[in-house]
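There are structures below to look over.
One chain, subunit A, appears in both complexes that follow, with subunit B as partner in the first and subunit C in the second.
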Partner chain A sequence: MCQHGPGAQASGFFIGGESLIGRDGLRVRFDKLGIVIALLAAYGALWSSFATLKPNRIVQGKAGSMLDSLPAWAGWALIGVLVVAIAAALFRASPWIKLIAAVAALAALTLSIGYAATFLTPAGNTYARVSPASGFWILLFAFALLAADAITRLDPPPGMRVLFLLLAAVAIGALLMSGSWNGLSIMKEYSGRADVFWVEAGKHVELALGSLFAAVLVGLPLGILCHRVAPLRDGVLNTLNLVQTIPSIALFGVLIAPLGWIATNVPGAAAIGIRGIGVAPAFVALFLYSLLPVVANTVVGLAGVPRAANDAARGIGMTGRQRLFKIEFPLALPVILTAIRIVLVQNIGMATIAALIGGGGFGVFVFQGIGQTAMDLVLLGAVPTVVLAFASAVVLDALIEMNSLVPNGARSA
Partner chain B sequence: MRAWAPTILRGLLLVVLIAFLLSPGSFEPLLKPLVQQNAPAIYNQGSLLSLALLHLRTVFIATLAATIIAVLLAILVTRPFGTEFLALSRSLVNIGQTFPPVAVLALAVPAVGFGEKPTLIALFLYGLLPIFENTLTALTNLPRSVIEAARGAGMTNFQRLMQIELPLSLPVIVAGIRLSVVISLATATIGSTVAAKTLGEVIIAGLQSNNLAFVLQGGLIVGALAVLIYDGLSAIEGMLARRTGSA
Partner chain C sequence: MIEIDAISKRYDGVPVVDNVSMVIEPRTVTVVVGTSGSGKTTLIRMINRLVEASEGAIRLDGEDNRSIPGYELRRRIGYAIQGHGLFPHRTVAQNIATVPGLLGWKKARIDAKVEELLTLFQLEPKTFGPRYPHELSGGQQQRVGVARALAAEPNVLLMDEPFGALDPIIRAKAQEDLLAIQKHFGTTIVLVTHDMNEAFHLADKIAVMDKGGVVQYGPPAELVRSPATPFVETLIGDAERPFRLLSIAKTGAAAEPGDADGAPISEDRSQQEALADLIWSGRDALPVISKNGVPMGRVTLDAILKRAARPR
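After this line comes the complex of A and B, so read on.
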């Protein structure tokens, strides 16, 4: 999403091309990635099924191709859009054209799958479920790849990347609000649990952000301390490293006992929500996992502050505190922000596991779905998690880039 | 004393781990205080040793496959033929890492069913990223002078890759494998939620029957395995780095 590739020219007509196009040359030049995308899309469209109709939410269904799943006009319209988009992918063209083609194909796909659901569901049948089949996912992946490639080549500034993200969010929001997906199985799973969904979403975000916040609050001073007091460094970092090796479900489980003990024996602890099972152990576990990246990157960031900058600050008579806040901290900020990105994305993912110990979050739907072999319920939990993690990664990557003093390339991964 | 203390600690850890796996019963008094009166303190629904071996096997197969594919892909995108894919592959690695392992695991179930397969797929996909990233970093940051010298000595592209680039990149590639293995060891436990036979089974059984001893032994075995394998691979990495002269 944020790396600068060799083919990042602004005009973008001759990206990495080794064959030359003469002034009168009629030689058609293919884009290598376009060939991969075209093959993927052809496989998805021709040899895999588009939508599955199931008599109810658990049993195996019958999968059908695009033309089986849509009325003739819509089926052919979708195929038309896809063919044009594949052509745009296949030939060397400006990344903008490719991006527009990819977005058009993605929009056509998402609209058609909703339409297929309404079309396939027999009238009045409330048990039948329609889900996207493998072909839909392959096509979605192929055109998402095209969009990702176009954006990589455009190499947009951080602000524009956030704008793209916002536009995508608005489009998805509009799609959901319009009700055109309401026939899809995942939305039926949602409509049965709309209240619970938002409660769990709130818990998920609370867990992921809350533990991140706590980790920054503790990790930053600890990192600064480790930077200043060298003997502490190895001990603290090694201990935090050990924590990372304990699998998350085990750490969640192990914390149940001590927190349960605290809840019953420390007055007031139960009142502020500390309990053996539920959110508390998940919160503490996520906090412990988050500490290592925050502390380690603070140490690395502070160590990377050029000696000269520090000496100059000392030379103009800055106190230790002033140097910390005005020189060292701003210079270390990109590295610290990188830690925050790692932690946030990791926490959003790991918070799903909290459901196993009653901590709530999107994991509730994932594990319920696994338990009932209702895959659309799994999707209801997994898709928002992925979207949330992806969106935070984009936003934080943009923030990191805005804060890094070297404008190009020199960002740490 | 400082130099050999960690080695002795690790040796001890290994001995305790093996003893625990071979004869878990003899550790029962240690774990007994953690459970209620009549509850078992040692996992009794299967052999811990065989679960540990299955756990390691799953991680090994997934990591091996991930290593082969990731290194091949990284080689491909750093050749002149594949440079067009370089920027995109970097973006994909970045995006891929935002997929939580549980989501990958759960989404693999509809495609391949319950059991070991979805776990293998999730571990494979998740393991790809660190190895690919490290291999890519290593291959793109080789000293120019060395490559030029190899070219000057008349080596073909293939010879250069096999005799210069890959050997020089090996320590960094091993570091990627190490990261990947540690993540996979922990992630494999989640595989038990989709009925894979791993040590996660012990932890989940403990969570379900409110048996802290189960949770603890499952978690500690995985943790100990991770620490030992991490150290082992670090040692190999150090050896390789010394051999290539970059340390």
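After this line comes the complex of A and C, so read on.
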């Protein structure tokens, strides 16, 4: 039943394919992940609704299918594109074909949802809101998965991956600039808050990157110290572990008192923005959460430096500092960069909570949205956060790969 | 010349090396042997001050090794260890260039030195220079490790079980290479091993260590003929004694005038090899030739056996 053709060995991910037509070398095989993607997409397209029309921004709306949400020609065109893309996912084909199919499907989906918004909104009605429904999100996920799988199988070099990311960013930027999404509720939420949105975006990035930077500045030397002074190691790591287990909201609460005290009693502290609530406690909390990964990975990275290499470095006359910078640090760098990647993604997500104590960031929209039961406003905070975290993960992964100068296997040598 | 003068090392009051004195002649190979924990590694690590002595002094060509900072001292002394200790993130050429780089040599001089050493160790510079250590075989890695230790043209080379991780065939080749290199540069080599065959093969003088002290220090033949303690006797091995004596003497030394039939043996092969040839070919005598192939007479089974007997 299950036949392994010459192509079966070509990719490590797919164990085998099922032969559909066995005619003289022309074989069509199912792609296993493709089956999952196709089922998911079929469910999203056939059994879920595509767009929701609400009379105003806070009431429940009425969800409709693709054909309900779009004019007939556009509805059928979208279905046509999706069917072709599902076919590309379902059968074994070159990753390039799958990537192009996925990108086409994603483009068709994003354009259609914008068009649906214009189509569904009654003319002149400024209260009605159109937002994507579950089917849209499922389809988006399915084809994003197809694109990600295709890119993984293409195995592009790190620079190429960043280029893909840039292309995607340009495409999304163009989509937003073109105004084709302006009818969508999330964009209507944005248009009323455009100024605030960018201010909060700036605060969000500042919080996430600033606390990361501070954590690296403190964590690296601390990690090196823990590596060199063994008795210190357990104490420091356990303390940081303990900090990590404190829920973020509790940590904010705990920080209010001491920071408030500093603000009133230390001259100049209030002037540089230290207060019991606001950016300061959020910054300190993110910083504290970031310390454990940085310190722990520095210690692990340095401990992973081969003993013989270290001994030889000393034996041929390197000073302690030369050993640290020329041998230990370069060898530990990929592990340390991994920590920085973890911390950055974690901080971008967690900075959302800073809004709770007046720290600003995308969380402002999330909490406002929850307060007003306006889910579109929640999305205005959540979607950029996810996009930002994803983008920084891709960039840092590329950076890590570029920095492991030695090809695989060096550690075991 | 390395003068080790009443040197001791104690950890928490427990002596690891206890009052050792010995003089290592320049341009010789000294092998330090002993069981694990006998203090042999600690002893050579005190020469380049990877371990600081608790008492006593070590002088290199009359100069106390504590007169300059430890790292400067170590740049002047070659150091090679078991498992090579190459830097995995640096190429072979960069590894070898490490010490010259630390000493601030000009780039052209470093490049020339790297090329010279790679060629000397039979590693094609263009092929092997840009490779990373994990792309080499065990034997090649070990050669690069020794090349790195020799890069700054040190007078003294310390080796801590340098061939411990190699298989027997590559190990034998590495030992031959080391002797050739030692002749080429005239380096004073101090090598630690627990392999007695290796010690007898390489050493001009052997120092036997037991429980932190040097119990005997002398040429290999002396250790066989008159072991100082029962420990030395055990280390050499009762069953091995005659063969050890033969292994350190050259066939040329046992040659006598006369004729013999069959394939000749070169004068620079060991007498142990001559004996093996005699037994294997069932002959009573072998023709001996010089290195240039000139006949030098013969070597007889009797003569060899006499030389293997206990000296009276």
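Everything below uses one rule, namely that the second predicted complex is superposed on the first by the 377 of 413 C-alpha atoms of A that agree within 3 Å, B and C clash if a C-alpha of one lies under 4 Å from a C-alpha of the other, contacts with A are read in each partner's own complex, and residues count from 1 in each chain.
By our rule, contacts are C-beta pairs under 8 Å (C-beta built on N, C-alpha and C of every residue); 3 or more make two chains touch, one makes a residue touch a chain.
Everything quoted here is computed from the prediction, not taken from an experiment.
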**OP:** Would you check which partner chain A:Q322 touches, where first means subunit B only, second means subunit C only, and both and neither mean what they say?
**Re:** second
Original post:
With both structures placed on chain A, which of the two partners, subunit B or subunit C, ends up touching more residues of subunit A?
Top reply: B
Original post:
If you stack the two complexes on chain A, which partner ends up touching A:L380: first (subunit B), second (subunit C), both, or neither?
Top reply: neither
Original post:
First (subunit B), second (subunit C), both or neither: which does A:K32 touch?
Top reply: first
**OP:** Identify the partner contact of A:I348: answer first if only subunit B is touched, second if only subunit C is, both if each is, neither if none is.
**Re:** first
**OP:** In the overlay, answer first, second, both or neither for which of subunit B and subunit C A:R314 touches.
**Re:** second
Subject >> First (subunit B), second (subunit C), both or neither touched by A:L331 >> reply: second
Subject >> First, second, both or neither for A:P306, with subunit B first and subunit C second >> reply: second
Original post:
In the superposed view, which residues of subunit A touch subunit B and also subunit C?
Top reply: 413
Original post:
Within the complex, which stretch of subunit C touches subunit A?
Top reply: 48, 50, 71-76, 78-79, 81-89, 98-99, 102, 132-134, 141, 145, 148-149, 158
Original post:
Can you name the residues of subunit B that touch subunit A in the complex?
Top reply: 34, 82-88, 90-92, 94-95, 97-103, 106-107, 109-111, 133, 137, 182, 185-187, 189-190, 193-194, 200, 203-204, 206-207, 212, 215-216, 218-220, 222-223, 226-227, 230
Original post:
So in the complex, which bits of subunit A are touching subunit B?
Top reply: 1-8, 15-16, 31-33, 134, 145, 148-149, 151-153, 242, 244-251, 253-254, 256-257, 345, 348-350, 352-353, 356-357, 363, 366-367, 369-370, 375, 378-379, 381-382, 385-386, 389-390, 392-393, 397, 413
Subject >> Residue numbers on subunit A that touch subunit C, as the complex places them >> reply: 306, 308-309, 311-319, 322, 327, 330-331, 405-407, 409-413
